[in-house]
Structures are given as C-alpha cells and as structure tokens.
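Note sheet for the following structure.
Naming follows writing order (A, B, C and D), and every chain is counted from residue 1.
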Amino acid sequence: MIVLDEITKIYDKEPVFKNLSLRVDRGDMAFITGPSGAGKTTLLKLIYGAERPDKGEIIVGEWHVTKLKQKKIPLLRQEIGIVFQDFRLLPNKTVFDNVALALTAHKLSPAAIRETVNNVLRDIILLHRKNSYPLNLSGGEQQRVVIARAMVAKPKIILADEPTGNMDRENANTIMGLFKDINAKGTTVMIVTHNEELYQGTGHRVFHINNKIVEREFAG
Amino acid sequence: MNIVRYSLKTALKSIWQEKWINFLTILSISIAMSVIGIFAILIMNIDSAVQHWTRNFGVVVYLYDEITEEEKLKLKERFDSDEDISEVSFTSREDALQDVRRALGGNAVIMDDFNVNPLPSSFSLTLRGDLLKPDIVMEKAQIINAFKGVEDVQYGEKWLMALHEFSRALKTGALAVCAAIFIATTFITYNTIKIFFYRRKDEIETMKLLGTTRSYIRLPFLIEGFVIGFFGGLLSSGTIFALHSFLTSGAASFMPAIDSYLSVMPVAIYILIPAAGALMSVMGSLIAVGKIRY
Amino acid sequence: MIVLDEITKIYDKEPVFKNLSLRVDRGDMAFITGPSGAGKTTLLKLIYGAERPDKGEIIVGEWHVTKLKQKKIPLLRQEIGIVFQDFRLLPNKTVFDNVALALTAHKLSPAAIRETVNNVLRDIILLHRKNSYPLNLSGGEQQRVVIARAMVAKPKIILADEPTGNMDRENANTIMGLFKDINAKGTTVMIVTHNEELYQGTGHRVFHINNKIVEREFAG
Amino acid sequence: MNIVRYSLKTALKSIWQEKWINFLTILSISIAMSVIGIFAILIMNIDSAVQHWTRNFGVVVYLYDEITEEEKLKLKERFDSDEDISEVSFTSREDALQDVRRALGGNAVIMDDFNVNPLPSSFSLTLRGDLLKPDIVMEKAQIINAFKGVEDVQYGEKWLMALHEFSRALKTGALAVCAAIFIATTFITYNTIKIFFYRRKDEIETMKLLGTTRSYIRLPFLIEGFVIGFFGGLLSSGTIFALHSFLTSGAASFMPAIDSYLSVMPVAIYILIPAAGALMSVMGSLIAVGKIRY
C-alpha cells in the first residue's frame, strides 16, 4: 500500500507539488504520467525516502516514511525495488555484480546469490552477457539490467521510472510481461512512463500529474 | 552476504585497486612513524647520551700553598671514600708546572721569568655521571669549598648548565614533534580514506538507494584504514631496526661513542609502532567516514 | 555527406554488422530505427570515430574516417554534434559549463562563449536552469541539455541517439522543431529512435537496421 | 578558449579542488627533496668533516736511545721546515716516563721496578688535514723512517684507513640515496597526476568525444605537476634553511664542531632544489598523461 496525503514539496523555493494526494493499494499495478519536469521522479523519491516532503504524510506498507528515522531508511528500501531513470549502473562492476549489489544487505550465501542473480538475468534474456560491463551494453540492454536489479531481491514494491524509454516495442512488451507476472505474485508495481501504449487497454490506474497535483486519474 | 566477509573482500579489493595511493600513504605513515620512533629513542636515550658526553666531567679542587701533608691526605681520604666521586687524581705544584710548560711548547721560556712556582697543587675529581645536574654539582662544590686547605673549586658551571638546558629543550621539542606527527598520521589516513570515499561516492550512493545499511558501507573503509596504518607502522619498524643495526654495528666501529648513546632500545617499540600506526589510522578512517547520511 | 560502404564490425567475435552500407547526403535529415541491440549506437560511433570498423570504408564530409590518423580525430569531431544516448553530462559542472564544454577547442572569447551558450539554452527553454547541476534536473531536462551541447558549436553534422527517449510528446515536438530548423540551415541530421511518431509523415529517409544490415529503407 | 588561459584555469581549479592530496604530495616531495638536500650538503661537507675529525691526527716518530743531540736537532729542523707538517713537538725520555706514571696513577709503583728508563724519546708530528689520505701518510711515514736516528714511525694506519673507507662509503651511499629519491620524486608526482587523471576520466572521455585536442587535455596536468613539484621544492628549501640555521646558530653553541662541519653551503641550493623538484614533477606528469589516445 502506498499513500501520499496532501504532499507539498519545494525545490529552490519553487513548489513541485502542492497538496498532492495519491493512493495505490497493496498488490495493485499503477501508472504515473505527465509532462517532463512535472515531478514524476520526485514522487518516487518521496516514496523511497530520498527526498522528504515539506508538508503531508507518506505511508508505504507498514512504514510511516515521513516519520522514519534516518537509520531505518535502509530497511524501508530493502522492501522496494527501484528502476532508476538514469540507470545508476556501476561502470566498474560486471552485469552480474551490478545485479548482486541489491542483495548485499540480504543474508544470503554466495551460492544462493549466484542462483538468484542468474535466474533474474535469464528472465530479462541477458544471462549470456552477465560478465560484460555496462558500458559494453546497448542502451536497451543496460535498462534491462536495471530492471533485473530492481527485481532480484523479490521486493514487496517495485517503482519503475521510464523503464522502457530505451527499448523497442518488442522488448518493452517482454518487460511489461515481467512486471505483470511479478504483480500477479502480489508485488505492488508503480510505473512512470510517457509511453501511452504501456497502459492503454490494461485497465490499471493511471495518475496524470500536472500543475503540481494529480490532475487526472483514470483507468488505462 | 555476511558483513565481515563482505567488508574484508571489499577492503582488500580496494587496497589492490588503489595500490599506488595506498603505497604512497603507507610510505608517508611509515616516514612519520619512523620519525616518531627515532625521536622516542632519542628521548629515551638523551640522559645516557648526556652522561656519556660528561663522562670525564671534572671538578678541580685547588689547594692553598700552605696546606700540610696531613691535611692533603685527609682530603684525599675524604674524596676516595665519597660515593659520588668516581675518580680522584692529585696534581702537585711541580706537575702543574710541567703541564703548563708542555702546553706552552716552544714558548715555555717565559716560565723561567718566575723565580717561584706560581701554580697551586690540586685534586681533579670525576663525579658519577648520573649526578651531573647543575644544582647537585653546585652543592657539592660548595661543600668541598668549605673543607680545610681548599682554596677554590672550579667546574664548568656554564657548560654544564647549557648542556642541561639543551637536553631539556631537546626532550620537550622531541615530545612536541612526536605529538604533532601523531596527529599528522591520523590526518594522512583521513585524507586517503576520504579520497577513496569520494571515489566510491557513486557506488555508495547507489548502495544506499538499494537499502544497504551503514555498517556495510563503513566497515570496508575502517578495515582499509587499519591495514594502511598497520603496514605503515610495520615499515617504520623495519626502518628503525635497520637504522639501529647500522648505527650499533656499522657506524659504531668508527664512532664507538654511538654505542653508548644507544643504550636504551626496548624491543616493544617494534610492536608498539605498528599498533600505534593502525590505531591512528583507524581513527582517521572513522573521522573520514563518520557522517554517512541517508 | 555520410557514407558507410560495406561495413563489418565485430565485438567479441560476434559481428554486429556484416557488409552494411548506408548513405545520407549533405544537408539531409535521416532516421535510424531497429530493435534494441541492433547496432544503432555502434553505427554512430563508427561515424564519429569512437569505434573502427573491421572491414569497409566510411566517409564523413571531407574525411576518410577509416584512414584518419588518431591525431586528426578531434578535428573530425569538431564538425559533429552528438546527442549521446547516455547523456554524458558532467555532474560536477553546471548546465552552462556542460554546454560550454563543446566550445573548449573553438577559439572563442569568454564573452562570445557566454552569448553562444545562452542562446542555445534559450532555444531549448532551459536558460532559467543554467546554473543548476545536471543531477538536479529531471530526465527530460537533462536530455535537452545534451541536445543544446550538440548544437552549440554549430556543427556540420548532428548525430542524435534516442534524443526524445525521456520526453513527453510536447517536448519531443519542440526538440524535433529545433532539429528541423538546424537542418533547414544546411546541417546534416541523423536521428536514432524507437519512436515512430518522430518520423512518420516527415518524408525523410528511414533506415531500419536488423540482422546486421540495413534491412529496410523507406520514406517516413 | 585560449589554450594557455584554459589550462591555467583548469589546473588551478583542480589544485584547489584536490587540495588535500596535493598537500600530501607536496609534503612527500618536500620530504624527499629535503633528504636530497641534506645528503647533498653531507657530500659537499664530508671532506671538511673528515679533516676536522683528523685535525689532531698525529704521527709519532720514535728515536733510537743512542741518538745524538745534533741528529735530534737536525731532525727537528727537517720537520719544522716540512710544509706538510703543521706541528712538531718533542717528548724526552723523562717526559715519556712522567706521562706513563701519570697514566698509571696509583699503579705507578710498578715503574719503580725498572732501573733504567725503558721509554724512547719521540717527536709528535701533526700533518696538514688535507694530506690525510692513507697512501700519502704511508709514504710520508716511510720517508721519515729512513731518516737517521729514527727507530720507528707509528700512526693510526688502521684508523685512518677505516675513516677513509667510511667517508668514501658514505659519499657513495649518499649519492645512491639521492638518485633513488630523485626517481621517487618523479614517481610521487606520477602517482598523484595519474590519480587526478583517473578521477577526471569521465570528463576527459567526454571532452575527447566533443572534439577537444590532446594539448587541451594534457597541458592542465603538466601545469599541475609543475606547481606541485615547485612548491614541494620550495618547502624543502625552507626546511633545509631552518635546519641549517638551527645547526649553525642554535646547536653550534653547544657543539662548536658542527660549525666547522658545515663549512660549505652554497646559496644556489635554495634555487636548485625547487627547480629540480619542478623538473622531476613535470617529468612525472608527462609520463602519467603520456598516452592519451582517441
């Protein structure tokens, strides 16, 4: 369950959101759209505690994010898988190590890590490139690695920021299939996108953000 | 992954990847710690060195010309039985004259102008080295001066005082330098770990976003700081050992004095120095990674 | 004029292109499409000399790229403006400085640099953010900075790799308008994109790359 | 932008941004250059120090008991007129006996067992300091040994030889250390510039893609290397100056010998050291940025 209640967020004296409210139930899949600079990435940052709202309250699962102590934030994040818009892959680590990074704080044996990572790389059809470095991958391939990393720790929530921006239609469909599977298994999924094709006809909630609020909310 | 396992792996990897700057840091620390070591040895040995320099420090007791043989013997007995005096030798008026003549060499003829010998007889006393504090010597001189038959007591007061001052200044200075270098060592590691920290900033930033806890992020740096400090200390132990060996064996054959300067040299220093290096270094790392915020 | 003649390019023993040929005339605008991993970015790299083909010849303007000495490559690149798929903005430089970076090797006075950079920032509607750092911009805003940097030195050729991947339709249209203006002034423009909307109805050449060659060439 | 303007700006910015590692490097270089400076002074002064130590180096010429007064005078004349000999003193058989008695102190009674004086008379000669090479002294001794009335010539051959060996070894060692440290200095700058280079790798990579030429990329690093080396050298000039001042003024009042050890100390060294530091440093930078490829 993700709840944003009357959120106001100000950057450099300029508000990005003004009393924005939004609710996604546990196990749901939802989409966020809106023009460039509307605050979609900022919204996700508020949810995973990388930014703090200037006003309002945020609840994610059992966590009161707005009241959360700095020390507890890692615990919140361990329950969330994030597909970053700017990828955040480490250029000096292999694809495998980049994905395994999401398991660092999980108490898994090296063997278990190996198996888990290999499985998710197989899902995104990049197992053959597991020893490559990100810079030797195409844009679309890199984006798939980011998605793999977001999924590998089997989080309760997945936040995906423009996850198919560098992909052709076919690859985008594969990825959306993966999100659907994960969602079917009970994971809450929230996807930011400009690509109407991703949500059209799915029936899932779509939040259109503009002018500092959720301007429109409709079924895709 | 297990945090210790993970931290060790990460630290060792970073040590290897950044081997040059690590090498530079270890070198800097070892130089710093070597200087500390050398100064520590200096402080510990300064007293023995001063004793060595003043080994032959003498007090000269001039006697009245009218002194009787009996009085002379009594004085000699007194000096011989005094525990503070390690050597006593007597110079008669004639011997004194001979000495002067010899010193004058070819000019000794001027001595012929005197029809009587103008020189007094004297006792030369050598004091025990550990008593050569200016005030102790002064007290001693005053006591002796009051003895019957003694005309005057002379000793290198100024020289002794200056030496004493000098050794005290040296000790204070060496201690100050040691303290400064200790702080500098912490600072050196602080710098290096901070550099590593900044260099891995992207990685740390990403790890934080992926939910990695503080300890996972910090421990590798602390281990790295420890290793750097430890090896810096070890290297300086080696340097001090080499230097000490050179001085006591190599150089001492040419300057035997060195041997007696370096009387005190506890073996513990070879363990203390790496340990101190590691400690300082971990402290530096702690300060460097102190403020990881989410 | 950009000519690729019977190009073969091999990465790790696996060919990306096999005897691929392609020609874009001076002053033209052309589009490259194809699935993720088809080699679109690699194609651009070959043109600006960041990769060398294993076989075949490449001509860009007066330059025989395949025969060009290492030392001459900067001169080739000074005639090309590149919109990188992965942005390549420097996080520790402001928007202004990032754009000005493309003018380093041009013999301009500081005042001329200031004016030129400000003008291009005005074109992409980001002048008000010129002292911001890239990480404080939204994804779409960053992409516009990259486009500004590619245009600022008034190059003879512009190569744009997925230039609207992070933008909504409106912003994408603005950017396409800019490319059209520049093209009208005589600059050759080559755009890599997955977004069919960008070329549909423009009448410009579209090269669809697949299976290591130009599989289809048609008017958009 | 103008390349010089651009390079200066970029270099200064980087120097400021990376001030700590720059400081560390300058410190390392200054330590290295100071050691070079100290060793250079050592090499330059080693001969004068050796001369100083051997100032009182004596050759003792023992005479036959049967020597005539005439022969004795002739020998004295010969020694006096010899330019290589700076001092001549004569010890008669009686003086020698006195000396022994004095040396024996309380044990002098054993001398009473001899009914004749067993000691020879002798000349003590002091040679000019600059002649104290083992072979020259040996030659001199042989010549004197052949003089009439001379029974034996003794001089501290072993000691002299050892001292000579020692001073030669010291010179060679000091030179080797200097050479090693020179290389180390280049290496230190190489490291630091390489680090900066790696740290700006992204920026350089992007600049290359934007068509920036080699010189724009390299010159800032060379300037940075120059500045680091120059200030490292300057700092070491300061250190050497301070050390020299301390030794010649502060310490010399306690150990006057130091003053004569430090006779040679050219002012040029204060310019040569920063210059050498800068040179080494630029060389290090050149190697570090040598292979920029497109």
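Keep this in mind: a residue touches a chain if its C-beta (ideal position, glycine included) is under 8 Å from a C-beta of that chain, and two chains touch if they have at least 3 such contacts.
These numbers were taken from a predicted model, which means no experiment stands behind them.
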Chains touching both chain B and chain C: A, D
Most distant chain from chain C, judged by the mean position of its C-alpha atoms: B
Averaged-CA centre spacing for the pair chain D and chain A, given as whole angstrom: 69
Where chain B and chain D are represented by their mean Cα positions, the distance between them in whole Å: 23
Inter-centroid spacing, chain D versus chain C (mean Cα positions, whole Å): 64
Of all residues in chain B, the ones touching two or more other chains: none
For chain A, residues that touch 2 or more chains besides their own: none
Graph class of chain-chain contacts, one of line, ring, star, complete, other: ring
Inter-chain touch pairs (all): A-B, A-C, B-D, C-D
Contact footprint of chain C on chain A as seen in their complex: 11, 33-37, 39-41, 85-87, 136, 138-142, 161-162, 165-171, 194
Footprint of chain B on chain A - complex, ascending: 48-50, 70-71, 73-80, 82, 84, 88, 90, 101-108, 110, 113, 149
Parts of chain D lying in touch with chain B, wherever the complex brings them together: 20-21, 23-25, 27-28, 31, 89, 95, 98, 102, 105, 162-163, 166, 188, 191-192, 194-195, 199, 253-254
Of chain B, residues touching chain A in the complex: 1-2, 6, 202-203, 205-214, 216, 293-294
